[in-house]
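The structures considered in this document are given below.
Okay, so chain A shows up in both of these, paired with chain B first and chain C after.
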Partner chain A sequence: MSRVKRIAKELEECRQDSQSGVILKLNNENDLTHLTGYFKGPPGTPYQGGVFQVNIDIPNEYPFKPPQMKFTTKIYHPNISSVTGAICLDILKDAWTPILTLKSSLISLQSLLQSPEPNDPQDAEVAKHYLSNKAGFEETAAYWTKLYASPEDGGEFGSVQVSDSALYGIDDEIVGQFENMGFPRDKTIEVLRRMGVKSFKGVGNKPELENKILEELLKECQ
Partner chain B sequence: MKVKILEWKSFATWHWDLATSADDSGYVEELCGICRVSFDGTCPNCKYPGDDCPIVLGSGCTHNFHLHCILKWLEQESSKGLCPMCRQIFTFKEPEQTSDVLINLKTLIDGHRVMRERFQQGNEQEFEAFGADQDLQMA
Partner chain C sequence: MSDDDSDIFFEYEYDQEDDLDESSFCFSSDGEDDVMFDVDGENSDTPQTKISDTLANVGANGTLYYPWNVEQFIENKLLAKLDKLANGTLTACSIDELLIMLQVKGWQEDEVLNDYFDNRDKLYEACGLPVGVPMRNTLKKIKNYSCFVCCEDYSETYVYSLTCGHTYCINCYYSYISNELANGGPITCIEPDCKYTIPYRDVTDIFDIVNKTNHGGVTTIKSMVENPLLVANTKAMINSKRKYKWCPATDCNGFAELVGNVNDSVESLSSAKESVDISKVPIVTCSENHEFCFDCNYENHLPCPCWIVKKWIKKCNDDSETANWIDANTHGCPQCQSAIEKNGGCNHMTCKKCKFEFCWICFEDWKKHRNDYYSCNKYRNERQEDEQRKNRSKQSLERYLHFYKRFAIHENSMKGDLKTMAQIDTYTRLYMEDLRDQGKKNLSWNDIQFLPTAMRALQNGRKALKWTYCFAYYLGKSNFATIFEGNQDFLNKTVEDLSEVFEQIMSKKNPDKVGMILKNKTKLRNLSELVNSRKNMLINGARANLDDGLLWFDNEI
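Right after this comes the complex of A and B.
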């Protein structure tokens, strides 16, 4: 089979290349079609300091069909599903050509982290956050990196307490406000997520928005 | 001094004469971008290099591949008839003698051209239909 030879070659090439910062590993020594790729978050982005893990499945028609890749590390990025890790990148779909390799695809993913395309989103909620409040988006993305993509021995993350509001980029103040009124925290976050409300900053008519949230919450808690 | 040769062994090496490897300083081994095997080796499905597993020279671009590899790529609809390296429409330099495989390659390339033309025509028709629709509204 033609793909086996090529994958073996690619693996060997990647093993010898320590410059690229991309690591390829077989999930099982006897199976060349299921691999895991690792790379570092690019510096100067909210993903800096993280190590991202990508699951790679190689189709029978490889290299004539693209490898199937998805993130196993949770990541907050407009072109990557925050739930499933599915990736929206043209070269992994219709722009694939057989001269691309597993290594070059992983490098493309790394550069996707550097330059998101919010106008062609995979995760609409994240893309909306990116377009409406870039600083808030970056904060959340950095938080996810610290939480999910930090190397286990880093120690930095072991002690971090998971904050459910920061996870979705929601201002803790709002959640607190409704919590004080007696609404459960999880329901409040759920409603705010659904409504796409992250913070009251820059909101023109704050009382109106507050009322809308209240209405939704009352419906939710009936 | 007289030397008497008792025995001798001859060796010969060969490699494909590729336009892009015309470097006087020495021969650089080049890989087929599709299977990542040297051009002087074979594509993954062949046993013997050389005439059994020939090279195709791109004529639009200057990108070369094992004939069997580029055939397999162009068989994919997703290739859209483009060169894997530069995404230009792939055409090739025809050697003096043609073979069945080369005829296959030609058929594939023609097939992609027809598809492209049909696609283009389809777009134009849609555009015309849209224009006609507008006229109707204007009237």
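Right after this comes the complex of A and C.
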């Protein structure tokens, strides 16, 4: 009952506010329950320069229950699933209160990009990358931003040449090494992803790790 | 009764064509509104009351427990603690403050006391109660108000605020509280970082006003036991503690608290895996007198232990596809082959088409049953010797169907009995009213109490009988197993006899139901005694023989 007025008012306020950099749009003019939110990647982060798109579903009990949000733009972040875009953020779950708004939630997402919480991850693989090799993580996250969140081509594959190894932050040299042994490129990347191996830099016992990868690859390619 | 011309028709034992309940178990759930027929009123036989400080009830198997429903529990357990604090040790605190403190401390009144005298301010802060300032919660009507949460502009509305002064309209608080109730914990101010807790009585007031203005209702929450916050908190507590279990019957608000066993403490009751000690099966009843097993949440399944029940249920679910259902639940008349579905009553069947009288269990001529011994229960494997290997899998299916069929028959009959009971109840009420109108006092309340007793005996007898088939299915072969089957026959015969008396009473041919009931009074009394004693004999015998290793469950099956 109160939902319609409240959402209409939130939309109107968001429209008038050009400062926040948050945009809210209705997916369909006649339906106030399905929206899309847009915001810019915060400066000084690997997400800088990207525009991120968030799908918003409003439950019947809104504003007493939180809106359901997930990223439609692919993003490389420990608290966001790299596959589904699902978000792990307390205010969208238990910590929601009716005082919060769609705009404030999107701003919270923006600050989540600024300060990830890798110890409470949504995407374990990304979180592991973040914790073990922050520079490598940032490189990959920036690559994803360029690839999927660039405003010019709406985040589609286009002018940028896609590199499958860079997509997962894997050193192209390793992939090449195993490719030269005759293993298919996609399988190699799959195995390396599964094992959480990004590069040989800083690895103590390189031959042992190589053997392990080989073993896995042989299993995979049987 | 169906009179159409098709080959297939269904015979109903009763005139009313009620839909069959599809649920796989029926609970003897008729105690609710019956004043006259306290059918499952086993509690009325036990002198113990429901107040926790007194003795616990003793269940079917020597289980000690308290039957509860949420209201009784709040009244007797929770509000009693509140009373103790409010009128004794903590008279300085208001009821609202005490309730919040008790809730935060999980209703441990000692903890509240300790923390209070240890550091009052710390406790108050942890509970979201104002420290150093008085509680200034306000619920008032104001004009021209725009609520920040729902964005409504009211010309006049109630608004609510806690000591913090964060004010929102009553509708928002109502929705907010309703949503937060599911968590079962204390509810704080809407403002995100404000930790003030909403007291119980304010919840009552908010709900009452909203119900009155928006839903046109009158004041609905009359007492503390109906307070939504208290009810939600209680439910959350029952869910979280192992000694409480909700009654599995449909729409039942009751639950049971397990105390122990007459011989053991509560810890020893969770029966060890594959234990054959059925004296530890914790049978309890809820406040609505639905009997259930505290361990596995099924109905009273004695003489089977829980793990056998689980195995059986799993098997029945796996195997009970349509073909098996038809095989187990319908049967062609042995003479004219018309398909017949039995939905209650006794096993003496008369085909509506060819008038052939037969036994539903063995499908032999009923005349053969006229001699005392009722022997159609034994599983005979005569053919086993001839084609043993070849027919092994077929026989295993047949064996299962043999027991499942009998299990299902009694389950259905129990549902039928419930209908019979409702009918008898109606007839008797009518008759009583009739007599009262005429100013006669021939039939007194006490005179018909034998009827619910008999019905209860029939229900319990059938329930036990039903589970003996599951028991017998898994039973290893031995002489004692044969003796068990013999006892099963005895019980079966008595249960059928008792059922038949009810059948006669309810028969269409007999218009004077009440006269018939009175005529059969002695018979009903004797038979129900007999059913009870034979049931107990069967269960006690099974328990003793399992204990002594004379009966065992065959793991191969």
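In the analysis below, the second predicted complex is superposed on the first by the 217 of 222 C-alpha atoms of A that agree within 3 Å, B and C clash if a C-alpha of one lies under 4 Å from a C-alpha of the other, contacts with A are read in each partner's own complex, and residues count from 1 in each chain.
Simple rule for what comes next: contacts are C-beta pairs under 8 Å (C-beta built on N, C-alpha and C of every residue); 3 or more make two chains touch, one makes a residue touch a chain.
Owing to the predicted nature of the structure, the values given are computational and were not obtained by experimental measurement.
Enquirer: Which term applies to chain B and chain C once both are placed on chain A by superposition, clash or fit?
Expert: clash
Enquirer: Considering only touches as defined above, state whether A:83 meets chain B (first), chain C (second), both or neither.
Expert: Once the two structures are laid over each other on A, A:83 reaches no partner at all.
Enquirer: One more residue to check, A:6. First (chain B), second (chain C), both or neither?
Expert: Both chain B and chain C are touched by A:6.
Enquirer: Kindly list the residues of chain A that each of chain B and chain C touches, one partner per complex.
Expert: Of chain A, residues 2, 5-6, 9, 61, 63-65, 97-99 contact chain B in one complex and chain C in the other.
Enquirer: State the interface residues of chain A toward chain B in the complex, per the touch definition above.
Expert: 1-2, 5-6, 9-10, 61, 63-65, 94, 96-99, 101
Enquirer: Hey, which residues of chain A end up touching chain C in the complex?
Expert: Residues of chain A touching chain C: 2, 5-6, 8-9, 61, 63-65, 95, 97-100.
Enquirer: For chain B, which residues are in contact with chain A within the complex?
Expert: 33-37, 43-45, 69, 72-73, 75-76, 78-79, 82, 84-85, 87
Enquirer: Going by the contact rule set out above, which residues of chain C touch chain A in the complex?
Expert: 148-152, 171-172, 175-176, 178-179, 190-192
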